[in-house]
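Okay, so subunit A shows up in both of these, paired with subunit B first and subunit C after.
== the complex of A and B ==
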């Protein structure tokens, strides 16, 4: 039963990582830029919701406010990254998005302080399945994660939107000749990515406390999942998100006695596992060999 | 006098720390963000060696040698991974190292850190230590200058133009890139060693994101592969947040304002002078 509880908890955390890894994949697919600022974007949206609720707004109004903040941050990301995406200066894009994330973290810290904030002052409502239990945000994350993963898998692989998104990063001029605007596609993707990141930010911090730099470790975890899964494979990314969460959780959870490992080792284990895996398969879990021009 | 010495020490530390970043990012166009990890590694290696009973000078040598060995992990990643994956991997190393330091408390002191790190003989006073740090900075700058004039420097500059072109001349870009990473890592570790001697205390927040942004900003702002640009850039970036000291801002906010300022500066620099860093985009 203990093993099943670890598995269930890992599923929730893995889904949180999936929900951040999917927008990372979308941004990468459309602009070939690793958007490191998505974690901070998510946390900023969570702060926006917390601020609105704390100010006495009703829940629907607070959600609309958080949504507007997510859209604004998506547009801001677009304004910063578009020039570099057009010029195909992807590594500068990575650094700019990283700095953008740090800016957001600093602004949030200046505005709200670095002490932990809580959405709920009462214990979180839980749902029980015989001896197993899950918190309500955990269940919501799981359901949203499954629905959105399937939805994006279908959109990316089977619809013209997915093909258009990939085409943008490959050759935006060719796409423009077919009367598609590459900038609009990237803007749309960045807004969706910010909204998704905001959802993850809220769900993650509902389970724990809200701090300005809470997004950094989750985004790095999502990146590792993206690298392990293969940056060009959404299926691989989703699978790897669960693997990078499950392996350390199992190692920590099943270690006992003299060889007991504390939870704080999790990130070290993730890094070591990822390093070994990427040395073995540098292109990721499910990436097929692509043609080289 | 104390303030002046501290600022001088900070410049020396930042320059020493940024040389690796400058050599990899600005000269070779290799986005190596593990400098902060290596800075921390050097500092912890010297503190742990001292805790084990080694003399401070000997512990510094041990720390540098350990850093040299540890840097090969980054070289392995550089050889195996694509450019952007390597960048994220080096960035993740910072989080992993921080987690390791916090978790392995029997060795690293955990979140409480290690206090009472001793300065070596002859440089146990702040003034002498700062002079030592400035000498180290000058030596490292000379090393970079010499590297830039040698085959490695020319190959790194060539890699910035075109990796394929350098390969076609029979030079292994992986070997040259790996060498730059090792040199950068060791220099960052040396900066870590001298910094920990100055502050004499070490905890998990020692090589934070702020330090990473600071060094990347210095390296990118320097842009040109010239050491005088690196020096000027380091002085400018180190002194810029000092204006906050003269403003009525609560001290708790100063750290966040500094991060904000460095991040904004890095964004502006990257969006405006990136052309200088990417000469292959030139149209002749």
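== the complex of A and C ==
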């Protein structure tokens, strides 16, 4: 039971990372830019929801407000990154998105303060199965994670939209000659990515507490997962998200008593796991060898 | 008159117009004007004009705007004060942001409330005090930056703070040359003992807290600890473990978990601790959000029956106790003895009425801030803005205050204070002994 309980907690954390790694993958696939500002975007959307609820708005209105904020942040990301994506200045794109994230964190900190906020002032409601338990946000994260992962796997691999998304980053001029607008595709992807980041931001902070820099640790894990899984493989990214989270969580969680490993070691283990996988499979977990012409 | 003559010097009609306008404002707002500053302003405008930085139209607009700014910013001289008071600046380093911001805010409330009464007393000595607040963020590096700003830019020679042990431990080495005297009210890490001859704290030492906790927890055979990774919390954990090992061999520490500072998800750690089935569990988070998160996540886990909870200062305030009463009710909290002095009770009530709640500080630390402020300002009024002379007096004398009637630093950086035991009853930490 103890093992299963630790596994359940770890799966929730892993799914939070998956839900941020997927938008990171989508943005990369359409623009070849690592959008590291997505973590802060998600937290900003969570603050928007918190602010709306604290202001006495009804839940549907607060969700609509948070959704509008996510869309606005997606459009803002597009305005910042589009030129760089067009010019294929991907490193600048990474720096700009990172700066965008830092700016968002600073703005949120100035507006709401840096002390933690709670959506609920009482302990979270839980769902129990025999001796096992999960919080409601944890269950919602797991369910949403599974549904969205499968959905995006299908969209990216099996639909024209997924092929179009990949094509814009490969050769946007060729796509334009076929009367497709690459900019519109990237805008759409960034809006979807911001909404997804907002969802994971809300779920993560609902499950713990809300601080301006809460998105940083999740985006770092998602970024590592994207690298370990392979930047061109959504399946690999999803698998790697669980690997980089589950291994450290289980090592920390299952060690106890005299041989207990502290939670403070978690990020160290994450980086060791990532280093091992990147050395073993530098192009990604599920990437096959391709013939080089 | 002077302004008009300056205006006559200019052949430009727009400038003359603007200066006349300023004269009217001057007549409206004050009867005297700082001639030197006005002349400088005039010369600047001429210079800007020659540099073609402004068009004629914008220059005509600029003059009245600048005049308003000068009037509002105090360029206009005020009526002379009846007696010149020497202003002594005192820095305050406290966590104004971050997880412990709520505590920092309450510390500021106490200082803000005390300042007028202190200045009223100091007026007789020809002095007045000014507090300059800097954010230490409960972190050593931030506290050092705040210290450098206060000493190098503001020129302060006395600092109240840091308030977190991490802050005070970081700035203590910088005071060794005696250029600044640092007095904390809340820092309790035993490593502060002798850290610098010019660093003192009005808090009790964690040694006292650790020993009192060890004595209370020794009633149980299987004990566990959950500690946040901060200097203050690690200090308490170390003293408690050393004391249990040295004096209570029958007690077994079945779990000793440490989690990172500001961690938001502590559920796996709590599962590990619960699996070891301790009879007593010491919760050792930093004050603020983490303390609240810890008990909330424990409440989600449920089934802590048969395990007696122990806490420290983080659970003395009501805000952290009310979020998960199923965990905190009955908790034994070790802190300093409660001040029952009636004057203190009245004063803290007045502070709460005037400035809002200070409950997260607890009675001891509120009293410690009041005592340290009163004692230090009294000594500064007596010995002047001289940290070495004030430090000498602080070490040699014995003081009476709300925290004790025998506050002395003759052989220690800490005052001579014992530990107090509280029990949480109906959501409040009630003093037991």
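The working rule: the second predicted complex is superposed on the first by the 286 of 293 C-alpha atoms of A that agree within 3 Å, B and C clash if a C-alpha of one lies under 4 Å from a C-alpha of the other, contacts with A are read in each partner's own complex, and residues count from 1 in each chain.
Throughout what follows, a contact is a pair of C-beta atoms (placed from the backbone, for glycine too) under 8 Å apart; a residue touches a chain by one contact, two chains touch by 3 or more.
Predicted, not measured: the structure shown is a model, and the values here were computed from it.
A.B. asks: Now for A:133: first (subunit B), second (subunit C), both, or neither, which partner does it touch?
C.D. replies: second
A.B. asks: Touching A:211 in the superposition: subunit B (first), subunit C (second), both, neither?
C.D. replies: A:211 contacts subunit C only, not subunit B.
A.B. asks: Is A:109 touching anything from subunit B or subunit C once the two structures are fitted on A? First, second, both or neither.
C.D. replies: both
A.B. asks: Applying the touch criterion given at the start, work out whether A:264 contacts subunit B, subunit C, both or neither, answering first, second, both or neither.
C.D. replies: After superposing on A, A:264 lies in contact with both subunit B and subunit C.
A.B. asks: Which partner chains sit in contact with A:161 here, subunit B, subunit C, both or neither? Use first/second/both/neither.
C.D. replies: A:161: touches no partner chain.
A.B. asks: So, A:3: does it touch subunit B (first), subunit C (second), both, or neither?
C.D. replies: Neither partner.
A.B. asks: Show me the subunit A residues, by the header's touch rule, that subunit B contacts in one structure and subunit C contacts in the other.
C.D. replies: Overlap of subunit B and subunit C footprints on subunit A: residues 109, 262, 264, 266.
A.B. asks: For subunit A, which residues are in contact with subunit C within the complex?
C.D. replies: Subunit A reaches subunit C through residues 2, 5-6, 9-10, 13, 109, 113-116, 118, 121-124, 126, 133, 135, 205, 207-209, 211, 214, 249, 252-253, 255-257, 260, 262-264, 266.
A.B. asks: Which part of subunit A faces subunit B closely enough to touch in the complex?
C.D. replies: Per the stated touch rule, the residues are 34, 36, 80, 83-84, 87, 89-92, 94-96, 98-100, 102-103, 105-107, 109-110, 216-217, 220, 223-224, 227, 231, 262, 264-268, 270-272, 274-275, 278-279, 282.
A.B. asks: Per the contact definition, I'd like the list of subunit B residues that touch subunit A in the complex.
C.D. replies: Residue positions touching the partner: 29, 31, 73, 76-77, 80-85, 87-89, 91-93, 95-96, 98-100, 102-103, 209, 213, 216, 220, 253, 256-257, 259-260, 262-264, 266-267, 270-271, 274, 277-278, 281.
A.B. asks: Where on subunit C does subunit A make contact in their complex?
C.D. replies: 97-102, 229, 254-260, 262-269, 271-272, 275-276, 288-290, 292-293, 296-297, 299-302, 323-324
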